[in-house]
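Two complexes follow with subunit A in common, the first pairing it with subunit B and the second with subunit C.
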Partner chain A sequence: MAFAKKINLSGQSASTKGDLVFYCLMLLIPLVQIGIFYFGVNFQSIMMSFQVYSTVDNTFTWDASRNFNLFLNDIKEPWFWSMVKDSFVVWVASQFAGTVLALLFSYYIYKKRTLSKFFKFVLFLPSIIPGILLSLIFKFFMNTATPVFMNKLFYGGERVVEALLQNPNLYFWIITIYSTWIGFGSQVLVYSGAMDQIPTEMIEAGKLDGVTPVREFFSLILPTVMPTVTTFVVAGVATIFTNQNNLFAIFGGNLPGTDQTIGYYLYTMVSGQDSMGNYCYASFLGLVSTCIAVPITFVVRKILQRVGDR
Partner chain B sequence: MGKKKLGSLVGSPKEKASALTIAIFIILIIYFITLIIPIIWAFYSSFNDWKEFRSFYVSYLDFPTKLVIDNYVTAFTKFEYEAYTTNISYNFLQMFGHSVIYATGSAFFFTLVPLIVAYCSARFKFKFSKVIYAFVIIAMALPIVGAMPSEMRMLRNLGIFDTFFGMFVLRMNFLSIYYLIFYAQFESIPMEYTEAAKVDGASNLRIMFTIVLPQALSTIVTVFLLTFIMYWNDFQIPHVYLPSYPTVADGLYYLANSGETAINRDPIKIAGIMGMTLPIVIIFAILNKRLRFAVAAGGIKG
Partner chain C sequence: MDRKIIKKGIFALAAMTLLAACGGGEGGGGDSGTKAVLEVITFDGGVGSEWLRKAAAEFTQLNQDREDFQEGKVGVQINVKADRSCGGGNLRTAEMKQDIYFTENIDYYYMTNNNKFADITDILTTPNADDGGKTIESKLDRNLSAYLNRNGSYYAVPFYDNTYGLIYDKDLFKENGFYMTDEGKFTSDETKFGTGPNGVAGDWDDGLPRTYAEFKNMMDYMVANNVTPYAYANGTGSEYAMRAMNVLWSDYEGYDKMQLNYTFDGEDNSIISSFDASGNPVLSTETITVSNGYKLKSQAGKYYALKFAKEILTSNSKYYLPGGGNYDAQYVFTNNKYLGGSENKPVAMLIEGSWWENEARKEGNFEDAMSHGANEFNYGFMPIPKVDESHLGDATLICLNDSYGFIASNTKKLKLAKEFMAFLHDDNHLSAFTAETSMTRSFNYKIKESDKASLTTFGKELMNIKESEHAKTVYPYSSLKFVIDNPATFNSEQWAWSNKSYTANPMTYFMTQASKEVSAKDFFDATVNALTASDWTLITGN
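This part shows the complex of A and B:
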């Protein structure tokens, strides 16, 4: 019973042998799963960063420098930095523009203004309708209906307008706006739920003091929901490296490097036939991304906590 | 509409509308229009006669002169996707079956495992329970990127890659927000219930299933439904991890990008996309309120 002693130091209600047996049996499979698919997978991922895969004999062998050299070659290319820039643009748009809109809409719902229940339902829709469906409808709509509409509106039906998602100068921005626009519905529900917890006495006291709605929003509402906002934004840091911005759903795997995001690049690397040859380099890029994401996460958390304290 | 008129429209019974709420109201109206117009357009375009659809480019905005149901029939009878791993072709019904298995199994295990671990760590005050709780918090806060290749290699090594069983094993994971939700729920149930049942000679398993879990049934059902929808809509993971068993969401992607002659018409593709989404729309219509509560409680991945 050495193990029992070890895990039962608090000496509370779980003192019987039966409790311990039940506890161990129930946790056995979940802990084995975590051992293999969290610790094992992440450890193997680090190992794979320093390995190469041979498609000839289907084996992984050690090579400490190959992935690093591939990475050095990639970062010399303009498309790589364009991809990094695009990833940060998507992150800023989704996290900051999305959060601001979500907070404003939550405030409207919290104040129970006209049609607030209806808007709550509308804002929730993109969380339930399959993302792939919305993306495909958006693709068809932008490529077929919108050019016709623009032709009628601006050129009196005299010109053929290029499909918007085929215009290389436009499509990244259009998709980024679209992804941000449909991406914050669940935040609205969470933020409006958090606003509902604000004591009404506090709001009433503010009204007696003559605070304006704008001041009420910034001085009373925002500080109260700031911990929830911080959680969302901090959790969103990793999306710099994982957000595909709906690019794969709309364009498949054939987008030029200059228009990709890091998330799209990593995903297309390991999807499809004969992708095992890319596993090791994808793992290396994942390791680099994690090394960058961890400090950014802590910095963002610190900044938001300071903003919240003020 | 003047500000005064709009102000009275946007106001609530208790308060007058401010410039702020009027501005938000206008943005919300724009949001609604931009969201709904493409869906309405896709819906009516799915009934358009594809032979007329491309005759004049202006017809892309026109309502159909007659409702053509054939687009739906063609999409569901002619569309097949051949899995590159097995060269087996699947029709819509088979892909629907794959989706049901994938979403139900994944949702079941992704609900069950956090539930069991949360139950153990909240109801048994061993020190190890605190370790589990702290581990979940830390693991969720650490942004680990790019583990997908290693995960696939692990599944291959275990011989369960590209199988439903492999996907379910992957979902037996308690590192999720649902662990925290279940933990909070189980911790709030008084221990007196358990102690009284023990005095009466009930086993731990009986206490769990007949006393504690029934009190959390509403949360359990909600989490299951939420995760079911998440996995039903999931397109990227089955696309890579289950290439031999294409799901409906995967099928939508192939349908939209298909160059197959019989279905390579926009109205037919749109009809297929609209039809494949019908089950989830029905679930949503029935369970709208419960699901909204669930999202407010725990968030959702899109």
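This part shows the complex of A and C:
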């Protein structure tokens, strides 16, 4: 505010003018970035939502109805709703179960209990290993090592145990737990960082009042880090329709429609060799997803603000 | 300081690696400075690069005094490079640094839309006096020719024929008497061999199982004789077995009905309209047009291919050796019978692509066998058995790979590149390609008798099939605009097996526990239901 007042002064000093130039130049970089990588990219995407691409003619032509009709066809199919359901399941798991667990782990680390540094390292490890490498290790572990281990442990080496990621009743849940786990790292880092900022006087006052660790967590820690939690969860709403749940990294583009998420569906639609023809419909689905995610974002933010206010 | 050097080193190494990939690199043989230099690259897979090196040497020799390719240069130098990363999507974004490419998994329309290929219409349509006045265009399959022709211009030539199926060990069949008589008895006596699936005595498929039932009997007989019937890849290369199912499908339909999938114009009497109380398909006849083309998703050949796959994968676990990738499958097929021991039962057949033999040799998959005394390998390409005896007849194969040869649009040696391209595609050099690789190019040509001598047994078999009047190959290309505009729907594998209920590869899906309750009919229904009439209307715009 002080700076704003400063630049409104009519008789500006040389150093104030220099500040103004510096301020404008610094502002230019993010503005150009937003202009290109947000408005530019999304503008083209939104345009494509109402276009159709012809490979033969190599042209995009305006046709608002085709993608809409493709969408109407899709939503008549059970697999489509199965994808929507899976997308929400992944979101709930990663945002709510994941957030709750991340908060608890962060609190443990914040309290510097036994092996807390080790846990911090282990939980953050997946975030620094390339996702595709981690997925390959996990796939190998679940499909090769675990069946052998189970066979030896439960069947005395007499039975062939099916690879866990080939069991359609299990694999979606296994991958969802895996995705939630590898999402912990950044959350734990941010939450434990936020907890470290809590004034020690406040915690000590609580101790003098005789609060238990549970009470301390719910009455002192959680309300203090609530803005951080709100930011994470609200930002997470945007991932409902983009999170492919690591399915592509593990299964490639060969998953049944009933086991996909919308994020996986969109990704596989545009990732293939023959993908140009799918760009327009994928853009349309993206636009529809945005239309659904925006109100959910506001509702979730409102709810979390109310919870925070209490 | 050390850290800086290491950092710089890593950066330089990464940059060099990126540049070396596919489009990168400035040729393999250097520049003599006095000759016009042509850079040629080929995908370093089953085809290898020796055929190209030999042709390049011959072309260089023939043109050693030419001065018209480049000002101030006399003669030609052709640098041939083989690179496995030079295929598929890598070329979509890479800068084209070679003059000529022979590679695979190319999206022809994407590449031409992005001006990656030079126009080579003249070399395809100009009669070649050295080739009996024939044009390259005249040797092309009609589907391929129509697909490649964009508004009267050609930008690429097809590379090699690539079909899939069962490769079998002729010696093992002979030694164990796995060949069959027309009465379904097993024999190694050639005079008693049955007619094979084409029903014609005295040709390449004699003695091989004629029907699905005979094939299953043969596998049981192999198991009883301590031989594993087949190996296949269910890791890397698992799509090969799926593509073999496309061949099963096309073989059932025959050439004309399979062609309907690319023309959508004609009558089809093998459309499954329902299943009777016993679960057998009820066939109907439909006149297929662009407006009802989705009905081809119900072609009976697909159902029978699924039924056959389910049967051979699930009825007896001793029928196959699964596991690992395609190299592993090749290894057990070529080596097991020489290695001996209870762990290494001989393998009679291999589900693979027709390029497999070259690749197996390149990967050293014959070496252990040779160190155990093997000095001769005789493999054959097994024709697809028919559903029953009433279907005995000609074989119909399908060629699946999207491999092409083309000249980069940014070449500065267009005249030289075109001459070399034309040179490679006269009958003599197509025949030389087959002689060198034991594979065939996707052109109509005869192999010279002198070249036949150098073919492997497997190569001879492929050539016999190509030249046989009882076998035809379908090239799955359509020139219809709505087909080309919707590749995700009409891609050969998607068109056949795409569905929303199961994984798209039936051969890997039927191996899972989950598929136990899923019948061939269930899978077939799922593929049919994946494309509704209203989807079709949107796709075709009608």
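Convention: the second predicted complex is superposed on the first by the 273 of 310 C-alpha atoms of A that agree within 3 Å, B and C clash if a C-alpha of one lies under 4 Å from a C-alpha of the other, contacts with A are read in each partner's own complex, and residues count from 1 in each chain.
Following the convention adopted for this analysis, a residue touches a chain if its C-beta (ideal position, glycine included) is under 8 Å from a C-beta of that chain, and two chains touch if they have at least 3 such contacts.
What you are looking at is a predicted structure, and each value in this text was computed from that prediction instead of being measured.
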**Request:** Check subunit A with both subunit B and subunit C modelled on it and let me know: fit or clash.
**Result:** clash
**Message:** Applying the document's definition of touch, where does A:Asn278 land relative to subunit B and subunit C: first, second, both, or neither?
**Reply:** both
**Complete:** subunit A contact check, subunit B vs subunit C, more residues touched by chain B
**Message:** Per the contact definition in the header, classify A:Trp91: touching subunit B only (first), subunit C only (second), both, or neither.
**Reply:** neither
**Request:** Examine A:Gln33 and indicate which partner it touches, taking first as subunit B and second as subunit C; both and neither are also allowed.
**Result:** first
**Request:** Classify the contacts of A:Tyr264 with the two partner chains as first (subunit B alone), second (subunit C alone), both, or neither.
**Result:** neither
**Message:** Under the stated touch criterion, which partner chain does A:Tyr108 make contact with: subunit B (first), subunit C (second), both, or neither?
**Reply:** first
**Message:** I'd like to know which partner A:Ser289 touches here: subunit B for first, subunit C for second, both or neither.
**Reply:** first
**Prompt:** Touch check for A:Thr297: first (subunit B), second (subunit C), both, or neither?
**Reply:** first
**Message:** I'd like to know which partner A:Phe172 touches here: subunit B for first, subunit C for second, both or neither.
**Reply:** neither
**Item:** Of the stretches 25-33, 79-87 or 187-195 belonging to subunit B, the one that collides with subunit C
**Value:** 79-87
**Message:** Give me the intersection of subunit A's contacts with subunit B and its contacts with subunit C, in residue numbers.
**Reply:** 273, 278
**Asked** What part of subunit C is in contact with subunit A in the complex they form?
**Response** 88-89, 92, 105, 107, 109-110, 113, 481, 484-488, 491, 499-505, 512-514, 532, 534-535, 538
**Message:** Looking at the complex, which residues from subunit A come into contact with subunit B?
**Reply:** 6-10, 12-14, 18-20, 22-23, 26-27, 29-30, 33-34, 36-38, 40-42, 44-45, 48, 60, 101, 104-105, 107-108, 111-115, 119-133, 136-141, 144-145, 147-149, 151-152, 157, 160, 181-183, 186, 189-190, 192-193, 212-214, 217, 234-235, 237-238, 241-242, 244, 248-249, 252, 266-267, 270-271, 273, 278-280, 282-283, 285-287, 289-290, 293-294, 297
**Message:** Applying the document's contact rule, which stretches of subunit A touch subunit C when the two form their complex?
**Reply:** 53-56, 58, 66, 69-70, 73, 77, 79, 162, 166-169, 254-258, 269, 272-278
**Item:** Of all residues in subunit B, those that touch subunit A in their complex
**Value:** 9-12, 15, 17-21, 24-25, 27-28, 31-32, 34-39, 41-42, 45, 57-58, 60-61, 84, 113, 116-117, 119-120, 124-128, 132, 139-154, 158, 169-170, 172-175, 191, 194-195, 203-205, 229, 232-233, 235-236, 239-240, 249, 252-253, 256-257, 266, 269-270, 273, 276-277, 280-281, 284, 288, 291-292, 295-297, 299-300, 302
